[in-house]
Structures are given as structure tokens and as C-alpha cells.
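Structure in C-alpha cells, see below.
By letter and in written order, the chains are A, B, C and D; residue numbering begins at 1 in each of them.
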């Protein structure tokens, strides 16, 4: 935003008045003819341009157009299925194993996470793995087991789709389709997933700015997705102390300033079980509308991500249920 | 840590058993003679080596020595002054303006932050600024005003010392000496501050790993500091959406796993007023033992950091007091 | 790598001797029974384990297995087509416009880059763009024009494939298939591209470690690619001064230590025309086996990446030809 | 820079014309009254505002003032001592051990680096070390040995000053004072070093933007430094493959666009001996006016940085001398 001042205005007074509204000036640009333009950098809050135009020193306010019209129009609420929405009013717990490892495993864990207050069951049928020699998921079978386990417990399903070719299969079993971090800017996949017309959980790429992330959401909506929920899971950092670097500033920004739905995956951020619950609580405090947590009842035998999977009972510490149900 | 297995052991069984304890293996290293060493990477929790040595497959456990003995010995509690400690039992609020701008300003703000539950008054007498042409603080006068304002309200004082030469002056007015981010590895300053024999608030450098940060704390203790409290204020990130990238994973790690005192400065992390309170709440949820918050009653006229300073009444949302006192 | 010492050895002497070989110790781990293991961190060069075992203090050397066997086996040479290989012996120039914008444009530019010493013609038929409202490439038509322009000049073709569904089409027109940064860990695409059995130019993800990048290459080879050439194009950094952060340390490491073929795209690294040629020269000095450069003869009208496209004549400064041919 | 268009101008034509000059538009901002301002982002080259004002669509050009006037005024040449300048005309080699370890060591190495074409001798008397238990340098004695070794070989001296208190001592022995990475924003030290009135080698902080780095140079000049030479030594990255991330884009920008003197330290960037020479060559190709290289004749016994120290004869590969002198 550029605020142009009336000729002869007191620049310092104008800057102070704008700051009083929560608009902070990055630079003052002057022309040879003496025109003064203030370039607004950080804004402490959203301000209508009419308010700015009302200030005594201000001649005009210039702005660029909205380049993410559909994301801006969506608002804070995304319906996952009838009776279940992510809207920030009440946080939603999504939990389950990293990988769906067997029919009995997913049924067992589904029951436990439901008892801890989860409303969605997560679990990978197709797994993105750094090495081609690592376990790649049980695919179609796993997808079927996941659906049946969720149905048995009255849970909705969120699971990752990794290939354009798998969109029909995953659409059949999932209420919400997940696009993983490594595919956040896989535009062919975004288009294919969008065309399925479903709600999408869009994980942030390890190197994406918030702006790039929201643009990826725009791809989904343009191509037909019924809604986009953002999921922060930690970005790439320089410190090996934690697996990834959880960016709760971005979460607060999206939730509190942009008014868009955003949830947090503390499991991938932490990479270690003992930090998952503190980071989950922090995420809710920062404004997250939900949590996506990896849970396993035998993490030492998990086929993937055992180090960061919590035991089902650990979820109780989050307070989604008042006491254990079974 | 290296876990050496007994000859002929089942490696997968050993890995699973170690994982059951919360120890996750980064690599399996084998010698030509068939010895198998498991290199432990991430640990989900702290485990005694005797416990590991008791496993059936384990021959020996090897470890490197502790290279930060004084930090390890300190424990979670640091006394700021008689009757006031940072210990994680009850979070401590430190608040005040970025810069001490006048005697009346600091007295006025001291009264307001005390009413919001603050126990320490912060305020810069000497200010580190990117440009030599920016306001550099009112120096010695500001330090005197800061002390008198704190005394008038029964608050302790924390303020930054930027130069070895200023250590005596700042030691006279402050209960706790602050070392700023840009000086975290200014070893000459760490030594001088340590020799003052006082508690120190050590801010994390924008590019420091947790390990480097703890080593900087070790410098302070070796040279005589009575205690070190770590302060996370956001590290350097690639996304201009927020001023810095708040690393609450590091906070949870230091507080929950290492058992050391750590507080959070959400103001510098956010860089914008509207995200300060959500990030403050998130910090406490992650395990922070306290908060350091920039407060101004006329942020639009602040000489520095106005964009990220909250109004005094905003602190009430943090719940440090039940209702407004005055 | 773990080097276990003979009982009673002089640890300092052993460390010095290992350092003399170029092996530097990260930590010394001791067991309760007095065994000493030296964990090798950085290696200044490659050393055979037999050499280490010959040192007087050394009892045994333990190593983990090779987890990228096909990448290790490939060696430094990849054949693009008969008579054209990327092998580091003589650098190979790949040049052309960001996007193929018309049949005449690509023919015109092909002629010019050939005259500057290019052996491959680059040009995007399908373009990955941050916003869904930006130009997405002319698709199949562009691919056809690209091939005919290359043929007219005797050039080989490298172009990006963005979707699993486009692999057959791109395989028909390209000698070498390019996988873009944003798809480096799009494992479905890596598998589909690998199955085409062709040489692949694998760009580094903005947030990938070298290790993750090489693993992505392993996916391609496991699934059938005839060869993998790595392409560094800048990673995500915190400084907006340049578009990306060119990591020539990684290039030197892959080329000089790992002995694998790696080329550099200075255009995306710089993001601005005036830095492209200096960075191109730096890349060759660091060991790059080739360059991938964006060229346009009317950059002010380019549909994408005009700011970082150099004029064809600028390539002459790289010395691929002794004088202008036409 | 903001370019305001004449009412009714063709915005696309204006953007193309500006791009033709090398100015690329980040955003188009419009007021309610229809004024159009183009905000210039990346510039492919420097353009005078008179040139822009001459374009048919342009009404006015607005710019912010120069906030680093002394750095801008310095120009590309800094004199180290009579007869020795860093000016980019001919690269200057600075070499020597990480630490000055004994009188004989520094004399021996000084002779060897002189024979390889070095004009300045480097060597640490005071060493910044992450741990307080690591070797901290031999201090004043080392400084004296360094000077005498340099004098014996006709070399100039560059060495680091870590403390305000040491500025007089180091000024006595060094021709050029070095400010280390960890002190780049230690403003008390910058002021003290500036007051010495000498040329300064200013290393970049691991997390500094180019803009912050140039501002630190401005501090030095404002306080009296006779000249500032920037030294890139690698910034903090996420990949442990190399010790730091060498940013040659920043080097090319400072050298080629800003016209300021910048040298490169490939030793700290690489962290491993085998990559130092390739990165040194790359630095010169990118536009560096000199190199700062760690050299040791017994790196396996070096008290610090042995892994990244090259043998003296390795310098010959850089071509600073035609053949070995002795």
C-alpha cells in the first residue's frame, strides 16, 4: 500500500498518525517535484482505506488488487462432512498412525483416538519416503481398512494422495484429501485434487512462504476444491535439535489476521514424542483450529515415524474429552 | 551415544527394544569382524545408560562426556533477587518499553505493567540498531530512570548491556543483565558480564543452534554469572510475513527435556502488535517460564519498535492478574 | 564411521593420525568398561577403511552400508544422446528461453544459443507458476516447436515434465527430461519419469539437503532412468538480495568428492540478469559439468522470468565458442 | 522506487519499457482516483531516474534517500598500507593459520604463503570459540609473533579483534583489523574499531542480510575507519554437508552492482580441506577482490580448524604466482 501525502504535509505527523492506526512505514519515497509517498510495510492490524483517506495529511491511498480472490472469499469455515466443520469455534482433533499397517492396527487405534476426542482418523495408505528402499505404504488395501475403521468409530477420514492417478481411489475413501508438504507446489496434483471437488488439507512445504502457501490454496479452489484447510507442520531450519521448525507465527497470522482455517501437525515439527503434546497445546493457544497428531500404540514397532508417535493415552492431556470413554 | 550389541544378536529386535525406551537409531555401523554398533540419534526422552545395558542384546553403551557441566548443574531455577525467581513453577512476566524515552514515560509504563502482573520492568538504555543513524538510547540517564521507576512500583529490572565498558553501570541498576541476540557469541562481553556475578538473561542469536546457545550460557557461568535464563526471541527465517521465526520447539526442548529456565520474547518474534498475545500464550503452553514483552502506551510515537509494542491493557489478556489493580 | 581404538591407546595421537588422513572426529564415546570409539564427522577426503585399520592405535572400523547403491554406481558420465554426454571433461551449455512462446521465437533463439556454443536447447512447454492466474505454458504445441527448433540447429532438447500424464509426450520430444525443484520429492512423478528409461536432469528442491537430493536420484535410477544429472539452482535463503541462494559448496562436493555429474542454473539463483554470467563462471570454477541458462532476445516482453534472462550475446562471455558463428 | 504513470497510460507498455531498462515491477498500486504507481522490485542493473522520467508513460519517479552515504561514497578501493590496496583490479591473497600457535610456526608458514603469492598474513591471536573450554588463542604474544613473521617476509597483517579493550593492541600489530562474524553487529566493538582509523575487514554474520552487513560497514566509517572491505565466509544453512553456505550471489552483487570491495573466505564456508580450492576459484570468478584462506603445514596438529586448513602448496593451484619461489 502506498499513501500519498498532500503537498506540504508534515511527514512525521503523518507517519505517527498512520502508526496510530497500526500501519508502519517502510520507506518514504520523494519525487523531484516534491511529492511524498509513504510505503506501508508491516501492518499491526487490518485498516480500511477509507479510514486512511480521512487523515488530514493524506491525499490518496493506492493498493494492488487481490491476487488470491477465492482464498479471500472462503472465510474461516470448511465443512469436512455433514455435521463436522473446521471453523475455529472449537478445535478439531485428527489423529491416527503415520502408516496404516494392518486392518487390526487401524481398527484398534481408531477406537483409542475416538475415545480421546478425535473427530477425524488419519493414516497413510501411500507414504512419501526419502529413500526408495523404505516402506512405501500398503496402498489400496490400507485405504480400505482406514475407511472401515473410521466408519466403525463414527470418525471422518483424512489421508494423503500422492499421485494424480490415485485421486479417484482416495476420493472414495476420504472425507478430506491431504496434499503433503513435498507436493505443495506439485501443480499437476493440485489441479487433479481440486477437480475432485472435496475439502483439502494442504500441508505447507518446508520452504514455502505464507504467500506461496496461500497461492497453492488458490490453485485448489480455482480447480474445484470445496474448501482448503492449511496445515503447518514445521519448515526447514538450521538446527537439528528438532526435526522441523514449527512456525506458529504463520499460524497466528493466518488464523487471527487473515481469518482462514489452519491446523497444526506437531508430530512432524517435533520429530520426537516428548515434545508433541507441549507443541500441540502451543498451537491451540496460537489460534490453530485443529491438530493432526501421529498416534501409535506400539511406536517401537511402527513402520514409519515411531519416534514422533505418541501413545493414544497421551492425547487425553489435550483436554478434548473430559474423561476417558471406551 | 553408541550401543554395541552382543555378537549374533537380532539387530531388529534390539532396535525395537531401544525404541521402546525412546531411543531411535540413526545408523547401524558394522565392522569387518562383525561387530554391530547402533548410533542413537533422536531420543524421545532421557534414558539412563544402566537401563540400556540391561537389555538382552546389549554388550556396552558408550557416551561422550558432558561438555557443558555448569549449565547441566544449574537446574531449572534462577533467582533474580530475593523473593523473585524464574523457575517454571509460576510464569514470570517481564514488560516495559523497547526504549526508555523519558523519566515520566518509564514511570507511567512501570505502573501500568505492574498492574498487569509484571514482576520485572524491561526498557532499553543502550539500543542495538541496524543503522548508525537510528536512535541509540539515552544511555546512563535512561538507566537511572529505569531503576527509579522499578523501585517506585516494587519491580525488578532487566536491561541490556551492549559494551564491556558498561557492565559496571548496568550492574548497578539492573537485577538481571540482558545479553542481546547480536551479542550472544560476543565472547568478550560474555566474560565481562559473567564476572559481574549476577543473573543473566541470554537472548538467542538469530542463527544459533540450541547447542551453541547453551555453550554461550556455559561461558557466562564459567566466568561467574549467578544464573542463566535463556530467552527465545525468534530466529532468522526466509518468510517476511513475520519479523522473526519463533522456535517454540527449542523452548519445549530446553524446558521439558533439559530442565533449564527459558522465557520467550514474542514481541521481536512477531514484529507486529496483533500477533504478540497469541504467541505469548503459545509460549507459555510450550513450557516457557516467563515472558518478555514490549509495551508502550503511545506506540505510534515510540522511538523504536512501535509496531510490535502492545498497549498495557493488552497484557491483561494473559491472565497474570485476575483483575485490574491500580 | 566409527573407529574403535585398541585398549590403552593414546587418544590424542590417534585423533592426530586420523586427521592426517583427512578424517576429523566429532565425538569421543567411552563405555563403562573403558572402550573408546571415535565418531568420524567431516572427512576432508575419501579414505579406504583398510588404511585406517592399518594405524597402530586402531582396533576396528565400523561403517554403515551404502543406501544409494545405484547413484554410487552411476559414475560421473551421463549420455544425453549419441555423441553428447555430460561428464565433466568439457562443460556443456544448455540454454534457451524460460517459456517457449511461439514457433518463431524458439527457432530464433535456438539459432542464437547454438552460435554461442550451446549443445542443448531448453524451454518450458509446461510452466510451474506460483499463481494459478499466471501464464502456464503453451503445452503440447510448445513441445513440438521446441523439438523442431532444436533439430533445425542440431541441438538436443531438455524440458520439464510436470505431470505423470505428460511423461509420454515429453519423452517424445526431449532427449533429457527435467524434473523441477518443486517436484524433487514428488515421488509419483519420479517413478513415472524413471520408467521412461531416459536421462533426467534433476533440479534440487529449495529445501533439500544434498542427501535428500541424491536419494531422489536413487528413485529415478531404481525405476529405470538411464542416468541422472543433478542441477543446482539456488536454495531458499533469508536474504531478498538475490532470488535464491546458490550453493556452490554442494556443487563442489558432488562433483569433486562424490564424482557425480552436476550442472548449475545461475538464472534462477540470481533472479537478475546482471549476476547470471558471474555466477555461471563461478559454477564452472567450482566444478560444474555444465550450465543451464535462461536466454531471451526480448526479455522485456518475456512471458516469464524476463528479469533473469540474458541476451544471447551475453553467453559469448562464457567462452564456449572462440568467436561468433552464425 | 515508485514510478507514477501519466493518467490514461498503457500500463503493460510502461512495464515492458521499464523492463527493457532492466527494472522489473513487483506490484501495480492504484488509487480510487485512478492514479497508477508501479513499485520497482528487482533491478537487473542500475538506471538513472532521469532515464526513467524520459519514458512517454512516466509522470514522476520517487525514491527514498540513501541511508548508507559513507559506504556509497567509499568506492571499490581500500588501501591496506602504502603500496597495497584491495581494489578488484588484481585479486589479493591473504593466508595463514587459523591460530598463531608459536613463533616458529607463524614464521614458517609466513614464508610459505609469501612464496604462494600472499600479500597479507592472517592468523588468530584471540580466537572466538563456541565452547569456553576450547583453545582461546595465545593473545598478546601471538600478536607479536604474527607481526614479526609478517615483517620478515614483507607481508601485511590482518587479524581479528574480539574485544573493545584489545583495539589498541591489535592496532599496533595489524595493518587491517578484522571484525569476526559473531561480532558483525557488536556495535560497541564496531565503534571502537572505527575510532582506530584503520582499514577493516568486516566478516558477514551468519544470519545477516546484505543490507544489514552494509549498515555495519556504515557504523565503521561513521566512527572513523579508513576503509571497509567486506568478507563473505558462508552463512547459516540447513544442510550439514558443508560447514556453512557460501553466498557468492551476494559477492557478485556487492562487487559488480554496488562496486564495493569484497573478499571471500572459502575455508570457513567449506569446513573441509578438499573443497577450499574449488570454492576459492569460484569466488574469484564471481568477482571477489581477494581471498582469505586458512593454511597450515601440519593441519592434523592444528589447535583449531585443522579440517579446513589447506597445505601451503595447495595455494599454488590458485595461480597467484607463476612458479614456486623460495
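Here is the rule we go by: a contact is a pair of C-beta atoms (placed from the backbone, for glycine too) under 8 Å apart; a residue touches a chain by one contact, two chains touch by 3 or more.
Remember, predicted model here, so these are calculated numbers, not experimental data.
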Any chain in contact with subunit A as well as subunit D: B, C
Shortest contact path, subunit B to subunit C, counted in steps: 1
Greatest separation from subunit A - chain, by CA centre: D
Distance between the centres, which are taken as Cα means, of subunit B and subunit A, whole angstrom: 27
Mean-CA-position distance for subunit C and subunit A (Å): 31
Residue numbers of subunit A (touch at least two other chains): 207, 235-238, 240
Residues on subunit D engaged by subunit A in the complex (per definition of touch): 1-2, 4, 27-33, 35-37, 39, 49, 53, 60-65, 236-238, 240
In the complex, subunit B residues that touch subunit A: 16-20, 22, 24, 42-45, 207, 209-211, 234-235, 237-250, 252-253, 255-257, 269-275, 278-279, 281-287, 299-301, 306-308
Footprint of subunit B on subunit D - complex, ascending: 67-68, 128-133, 162-166, 182-189, 205-207, 212, 215, 218-219, 222-223, 235-236
